[in-house]
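Chain naming follows the written order as A, B and C, and within any one chain the residues start at number 1.
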Amino acid sequence: MAALLETRQLCKSFGALEVARDIDFRLERGARHALIGPNGAGKTTLVNLLTGVLPPSRGAVLLEGEDLTALPQAKRVKRGIARTFQINQLFRGLTVLDNVYIAVAERLGAGGSMFRPAGRRADVIAEASGLLETLKLEGDAGRRIHELPYGRQRLVEIAIALGLKPRVLLLDEPAAGIPSAESHILLDAIAGLPKEIAVLIIEHDMDLVFRFAERITVMVSGAIFAEGPPAEIAGNREVRAVYLGSADV
Amino acid sequence: MTAPAGPGLAAARALADRHRVKWWEAAPWLAGVALFFFLPSYLAFGTQLVIAILFALSLDLVMGYAGIVTLGHAAFFGAGAYTVGMLAAHAGWNEPLSGLVAAALVAGAIGLASGYVLLRTQGLTLLMLTLCTMALLEESANMAHEYTGSFDGMPGLQFQAILGLFPFDLLYYRSQYLYALVVLFVCFVVVRMLVYSPFGQSLTGIRENVLRMHAVGAPVRARLVIVYAISAAIAGVAGALFTQANAYVNLATLGLDRAAGVLIILILGGYGRLYGAFVGAIAYMVLEHVLARAYPTTWQLGVGLLLIAVALYARNGILGIADALWRRLRAAVAR
Amino acid sequence: MDLISIALGGLAAGMVLFIVSVGLSVTMGLMGFVNLAHGGFAMLGGYVIVQTMKLWGLPFFAAVAVGFVAIAALSVLLEKLLYARLYRASELDQVLFTIGLVLVMIASITLGFGPETQTVVLPEWLRGQTDLGFIRYRTYSLAIIAAGVLLAAALWLGFERTRIGAQIRAAVDNRRMAESLGIDVGRLFTLTFALGGGLAAVGAGLGAEILGLDPQYPLRYLIYFLIVVAVGGLGRVTGVFFAAALIGILDFVLKIHFPKGGTMFIYALTLALLLWRPQGLFGRRSG
């Protein structure tokens, strides 16, 4: 059965520096997949390759069998791939509601509409407001991004990705920066995602990883090092040596 | 989906009401009409002012909202100006309203073509290329001197009466002023509509974070090219008004001076704020009218110092300062 | 005019462009700062050179040296006081600031010295013609060509063989990586800004007979400086050298054979070139 999202021998080098080596990665429908590995292993690079931010040196990216490799970022989003960034990429001068509005409007194809005011699209406003409620952001809806603490901004980043109603959701260290008091908001949001969506999380927080993931991929130095269900990965001595250290999981 | 409550509802309402016309938005138009009745000897100046506002408004679309920094916007102003001039002088086509349309079409087409090609680049390269495009047009106009009159321009153009009823009057500028004011109003309505539409909001998104816009699936380049073409068309209308109102056109309409001038006006007033063009043009042209005649070099010195100060301290122009003061006032009152 | 005369004339103009623009290229490559006031520094330097010769009777090369030092010092001063505050600012703010600065420079010179073109009195041995064997040509132009080539060679050696040169090259290629390697990019920038400003002054003074020297100098030649820098590739000394030579010769040829529309060709060529290769002829594509 064709995976929802897969890569075939995906490679990327910057001159002599190889950041992705022959990656054969599969993300299944409805997956709850985590991508872990030491810093510099190439996890974010892989997401950048999957989303089209980086063009590969060799290899292909396929979505339900369709070759996306030549498609730019925006077109891949339209095919159903959404991601959050490791460092927030938000519209800092706009309000929280505006930020999510823009994402929802684009998804609904309303982003290019010139003749009706943005305020008249009650459907977009309602959906955006709903997303804010899901992430407990409705209290900040009218505030500008730069006025919010970083952790709340992170949640806006998630809200935007959710607003795109993707088939594949790639979250790059979503919990980073969110204070532990609020991390349950994130967890609830992820748990509440529709079952058909394939979700890939890059994380360093092992707690989160092992609670969320049904499958884990370990990357080291640009290549896939190990892959399997959580128990298998946790028990894998080599993985522990290279990454998890001697800490008990 | 349940309706949002509390602050969420307030924010949703604010967004839904953002485009509603506020009472004070009538002020500039009332002032414009008042000028006609109370200061009839200043209508020539008033006409130039209205044209400057329209030109700055077009630049605001492209620079204030979409974030495209261009030093070559006079290319479109000049294109519109020369279209009307050449049609009148060589094709005997001097009906003003259709002239405006022709100018908008020509300038818009140039904007579309150059935008399509230039907006693949960014930063210094883009800035450079906008300068090159404008210089190219200026040189072409210079070269085609049988049609354009080169440095001397085309003086003594004649235009039919507006709607057949209101003749152009080079002495008191009465018809010109109201004509320009009406054209400004119409164009302003269009720009305002664009700014408050989802399209306009996506432009702000592109300006604020282009990577994020790509990452929400927006066709960024297409949006930029479209707004560039629309802005070019409006700049062309401003140029056409210039030629019609003053009955002449020359190479200065295509020059760096005019391009830099409109940039200064917009920054002074505050870009990305719809009314920055009004405030900036009024402030700049009044000051220029008063000071530049007497002491042109000192005026240049003053403008330079002003720009430095604005770049360092007041990036959002006069409206930005007013905004900040207003917010402080409200915060102080709320306590 | 025969081919060689044209080539030499154009090359001389190109060398002036090179000497003035090389500083701009390196500082832009280093900090990404759009400095539209660069021509203003050149002009100020030119006036310093002309006026010290006129008022204090300094010989030509001493005046040029004074011009270099004066503008280098001014560059450091302005960099520390003003430019440094805008490194993280938006491109628009940088454009605004530098436009404002160049207007202040132009106005100051006009107020101080009037709008007339300044004339340089060349030393005896630079006047007249030199016999090169295959042609007799203006000594002055030949000297400028020699100066440009020597400068290019000196800069090339400096960039390739010295530690600071290597640091500058690294920082131009990838500033963040250079900083993480411990390179003090801010200090490098001040240095290149000073050097670039000084060279611009020298270029304006040396080239006063070719490009002229008057208060409108910075704005009249702004587009040429930008073209040379963009076409050559930011931060590439060899790129600027060849771009300047090319533009100089092209402009000269066009002025002779197509006096009406010659410059159009240069703009069109630049457009085509930068659309094909936005990083310039010699620049490296980022990312």
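Quick note on the criterion: a contact is a pair of C-beta atoms (placed from the backbone, for glycine too) under 8 Å apart; a residue touches a chain by one contact, two chains touch by 3 or more.
Being a predicted model, the structure only gives us computed values, none of them experimental.
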| item | value |
| --- | --- |
| Innermost chain, where centres are averages of C-alpha coordinates | B |
| Farthest-lying chain, centroid of Cα atoms versus that of subunit A | C |
| Averaged-CA centre spacing for the pair subunit C and subunit A, given as whole angstrom | 47 |
| Length of the line joining the C-alpha centres of subunit A and subunit B, rounded to whole Å | 41 |
| Whole-Å gap between the CA centroids of subunit B and subunit C | 34 |
| Residues of subunit C that touch subunit B when the two form their complex | 28, 32, 34, 82, 85-86, 89-97, 99-108, 110-111, 219, 222-223, 226-227, 230, 234, 260-261, 263-264, 267-268, 270-271, 274-275, 278 |
| Subunit B residues within the subunit C interface of the complex | 63, 69, 71, 117-118, 120-121, 123-125, 127-129, 131-133, 135-136, 139-140, 142-143, 256, 260, 263-264, 267, 297-298, 300-301, 303-312, 315 |
| Subunit B residues within the subunit A interface of the complex | 1, 3-12, 14-20, 193-194, 196-202, 204-205, 208-209, 211-220, 222-223 |
| Subunit B-touching residues of subunit A, taken from the complex the two chains share | 51, 53, 72-75, 77-78, 82-83, 85, 89-98, 101-103, 105-107, 110-122, 124-127, 129-130, 132-133, 138-142, 160, 163-164 |
